[in-house]
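Across the two complexes that follow, chain A remains constant while its partner is chain B and subsequently chain C.
Up next is the complex of A and B:
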């Protein structure tokens, strides 16, 4: 057993309101630099939709992640042979138009335009060339546009859904969507690290943050191809790749990453997970249907005496073990088994987990007879003559699970490598918590029924209360349990953090200048 | 003429080599951030193929060829002792030379006709293109007009280059060569001299290490086992990665 600690995350998709505050917070701190304008280390996508960069999930285009061939797991579009022979021209590299051409507006024209009959306008200009452009794409161009032919219908997660199943999702009155916020997953088997020919990318042993050394990166651009989540970006100005750093300067100072700190919906949780690094290789080689369960298995119980002893032997600090015991991520992922990794089939073992969205997925539209109700009313009373009702009732307990507005398969393709039962299991739990809390707060559900639901979902009443607390009431300290960085032992984890804006952003003292 | 010959065939090589050595080591050591291949594929990813690929494979073959003729002249002469083998070597090298020239011209056209690339192009890039295209053209010219270069390189130029590197410059054979060959030598040393000041520097950092390194890399800021041991003294020295 080789116990290591990883700063890990859970995003609760039911709570995401799609406000992009996380993206803006991240952009303001890290990527408002020349060459990085197009990068969104954190971005929020509407699902179903094509995402950013366009159709990033479709690995027949971008060839990211790992693939298992004849029992061997290799990088799909990079690796030693493919990477080095394609080094002069990478056939699978997304270009800027796959993301979008960064732009700004000529705001000064609004002020300096000469007096005239027309309102002055601020024309969009490219941030690369400075020339006026027609904006064709943006990082959240498909925001709330689920159901549109250009975006939702091109979602790669529809691959193995029948035409009828897809059609259900696109009927206007039945259409549903949710938001998918994405940052770097800081994987246990990172494809970007494996693909980097110059060895500039590495995973930090202490907390598992995956970083690119800006001094060693030589722009061979294989990481951009290899990352199946397209979370490694090429800075076209400096000729270096950059990626989400999980705000490690903030983490080391005990602060939550900017995207998590600023989250309006409070959907983000961050905490330590202890895992067994010696089993990673074994897990990665397992069959696709076992991947998620095996992934969960190598996450260790921080209360287990044996695990604690092995962790201490490995040099994991007591404070880190303590953080792991209080970790909200451990609760969601292991204790309640509510969260799933995104696209486990890429075999990178992502350490960012998502609680699948329950609503509005669970809600259906039910036709009701309103005549009786209308008869009771005062003749001058105003009432809705709409006889469609937005229905989230649970009269038949799990009855609604099979009539959800989202085909289960769609979510399963995204979050459970195609395993529909796994999604159903999470939904049951989420629903059970709601039923249980309704019993407690409203009291119109019988104890027998609520207990039956909880038993069926595999939760105790205490656990359900725990889920409720962490989901609905959790305070800042509950959502972010950040282990101390122990600078007194590390002396300094990096040489210098006090860099100025407009420079590279992290770990570099000198003025940032593009090479000749 | 003698002064000029001495300058271009003795002084220039030494200046170029000194600048190359000092400049490259300085840039590698202190300007790591400015050491990059500066790929522009992200801004233009289609036409690059027809430039970058033929150029790079061409230059790799030809550079290695020149290097082998310098390091192992006798082996090259032995290989060339049979006309068929000589023909094969010369024709292959010429084809790679053509491929390099085509690649370079494609790259030049691409760089100066794609609007976006204007913003990632500096004056040094033009100097590099000009030098490389001239050098490739002169090389092909020599290969065509003064046949069997692989043989006379090994017997004429290798001793000259050897004399340069052993600090006993001897230009007696080289001064008699046609001016095109001299130009090829001068351009070669000029290109070596501008390596630290141009994007050419990326050829010094090929990712060879990738071939044998394990795929995954984990770095520790301190020795995790040692740091927990009560016997480890607190030290001001920064521990090395383990």
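Up next is the complex of A and C:
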């Protein structure tokens, strides 16, 4: 057992309102620079939709991630032979038009334009060329318009969905959609690290953050191709690739990453997971249908004494183990088994997990007679003449699951490598928590019925209360359990600190000029 | 005392003058022999430059003086006769002569005395006599030794500087020489055997003269170098006949096209346009 710690994340998609506050916070801190204008280390996508860059999930176009051939797992777009033949021209790179051409407006024209017959306008100009442009696209162009022919209908996750099933989704277009916020997954088997010819990318030992060393990067851009999530970006100004750094300077100071800190929907959770690194290779080589279950098996129980002992042998600090025991991510992923990795079939073992969205699925619209209720109301009160019921209740417990308006297959393609039962299992749990809480707070559901639901979903009443607490009431300290940095110990694992005496900071090679 | 000195000086001066007067007749001849014979004959046919017999009847004296002093300036001034001469003699430049007008006149006088009657000088006979009489050097040169001499593997017996310190010859197995003086690859066909010999024996070019005047080449050495230059010329002309000309250009273009086709087959699966191409194409454009 080779126990290591990883700062891991859970995004609760039911809670995301698609406000892009996370993206803006990230942009303001990290990518508001020349050459990085088009980058969104954090971006929010509307689903169904093609995402950013367009169709990033379609690896027949971008050839990212790993593939299993003859029992061997290799990089799809890189590797020795492919790398050598394409070393000077990387043929599957996304181009700027696949992302979007970044733009701003000439706001100064509004106040400085000479007097004339027309209202002055702020023309859009490209942030790359500085010339006026026609804005063709943005990082989430389709934002609240799911179902458009350009983007939603080209969603790669529609594979294996029948034409009729797809049509159902688009009949309800403009209603049935959800948001998918994405950052770097800080994978356990990162394709970007494997693809880099310069060895500039590494996974930090103490917390598993994947970083690109800007002093070693030689602009091969193999990581841009190799990352199936397209979360490595090439800075055309500095000539180096960049990616999400999980705000490690903030993490080391005990602060949550900017995107998580600023999230108004409070959908993001961050905590430590302990995992068994010796099993990674074995798991990566497993069949696609076993991938997620095996992935979950790697994550170890931080309360298990054997695990704790092995962790200490590996130099994992007590405080980190303690943080792992309180980790909200561990609860969501392992204890309640509510969260799933995005596109596990890419075989990178992503360490960012998503709680699948329930809301667009479970409710049905029903015509009811509300006159009796309306009569009871004071005439002064606003008269309620809406006879439609947004109904989430059902007589036979899981009835709505079978008549969902959002095909299960769609979410399964995204979050469980095509396994519908896995999504159904998560939905049952989410539904059971709601039914349980309805029994507690409203009391119109019988105890037998609620208990049956919980049993069916595989949750205890305490667990359901826990899910409810962490989903709806969690405070800052509950959502972000950040271990102390232990930066010094982490450095000592790699180097003798005496070598670095008189130097400063992280990753700075040149010595500081001292006064005198 | 003073008288004695004056007497001595006057006696010395008169002696010098006497000698000068005695040699006056042959002054033109000595100048001609030292500076002109490398390239010119009088009545014995062409060498590197034209036969100078009756040259005074072809052009006036003033023109001749100007030409001898600086042939290139006369050619550049647009003189047609000078230009045609230059072209007729393989565009070999006649070096400028640092002679005074008086000296040139002496030389011209000497030529006049040597010239046979203009009407009787037929070119065919003169050229025959030229080939008969001109080679005063044995022509049995050893090309291999000539090469060694040229490159400097063997020293000239009078310690003259090695040829390739200033001259270059393009030939396989011969190290590249200097670029200070004329490239001698085709010297043989340009000047002819006699011409090459003449240059080395007579030293008509000022730089050659300063280099070899006190360290003259031996006859055998000259013959060896001539043989070597003959070989070099032969090889160079054999090479130039295999020139590729336009086939190189056409071959290059065809090659590029073939390579491009191969590349486009090899990288046929590459992503060559944006995924959003069709969307962007449909969008309304302001310009």
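By definition in this document, the second predicted complex is superposed on the first by the 459 of 516 C-alpha atoms of A that agree within 3 Å, B and C clash if a C-alpha of one lies under 4 Å from a C-alpha of the other, contacts with A are read in each partner's own complex, and residues count from 1 in each chain.
Rule of thumb we're sticking to: contacts are C-beta pairs under 8 Å (C-beta built on N, C-alpha and C of every residue); 3 or more make two chains touch, one makes a residue touch a chain.
None of the values given here were measured: they were computed from a predicted structure.
Using the contact criterion defined above for the overlaid structures, shared-chain residue A:69 touches neither chain B nor chain C, since it reaches no partner.
Judged by the touch definition given at the top, the superposed model places A:150 against chain C, while chain B stays out of reach.
In the superposition on chain A, contact of A:137 is made with chain C only, not with chain B. Looking at the shared chain after the overlay, A:95 reaches both chain B and chain C.
With both structures placed on the common chain, the touch criterion links A:218 to chain B but leaves chain C unconnected. In the superposition on chain A, A:55 makes contact with chain C only, while chain B stays out of contact range. More chain A residues lie in contact with B than with the other chain of the pair chain B and chain C.
Legend: residue contacts after superposition of the two complexes on their common chain; A:448 is shown touching neither chain B nor chain C. Of the two partner chains placed around the shared chain by superposition, chain B is the only one that A:206 touches, whereas chain C remains out of contact. In the superposition on chain A, the residues of chain A contacting both chain B and chain C are 89, 91, 93, 95. Against chain B, the residues of chain A that register as touching in their complex are 79-80, 83-84, 87-91, 93, 95-96, 128-129, 131, 189-190, 193-194, 196-199, 201-206, 214-221, 224, 234, 236-240, 312-317, 489-493, 504, 508, 510, 512-516.
Here chain C touches chain A in the complex through residues 266-267, 269-271, 274-277, 279-280, 283-287, going by the rule given at the top. Put simply, chain B touches chain A in their complex at residues 31-45, 48-49, 52-53, 55-57, 115-116, 118-120, 122, 124, 197-199, 201-202, 205, 207, 209-211, 213, 215-228, 236, 238-239. Residue ranges of chain A in contact with chain C, taken from their complex: 50, 53-55, 61-62, 85-86, 89, 91-95, 97-98, 134, 136-137, 150.
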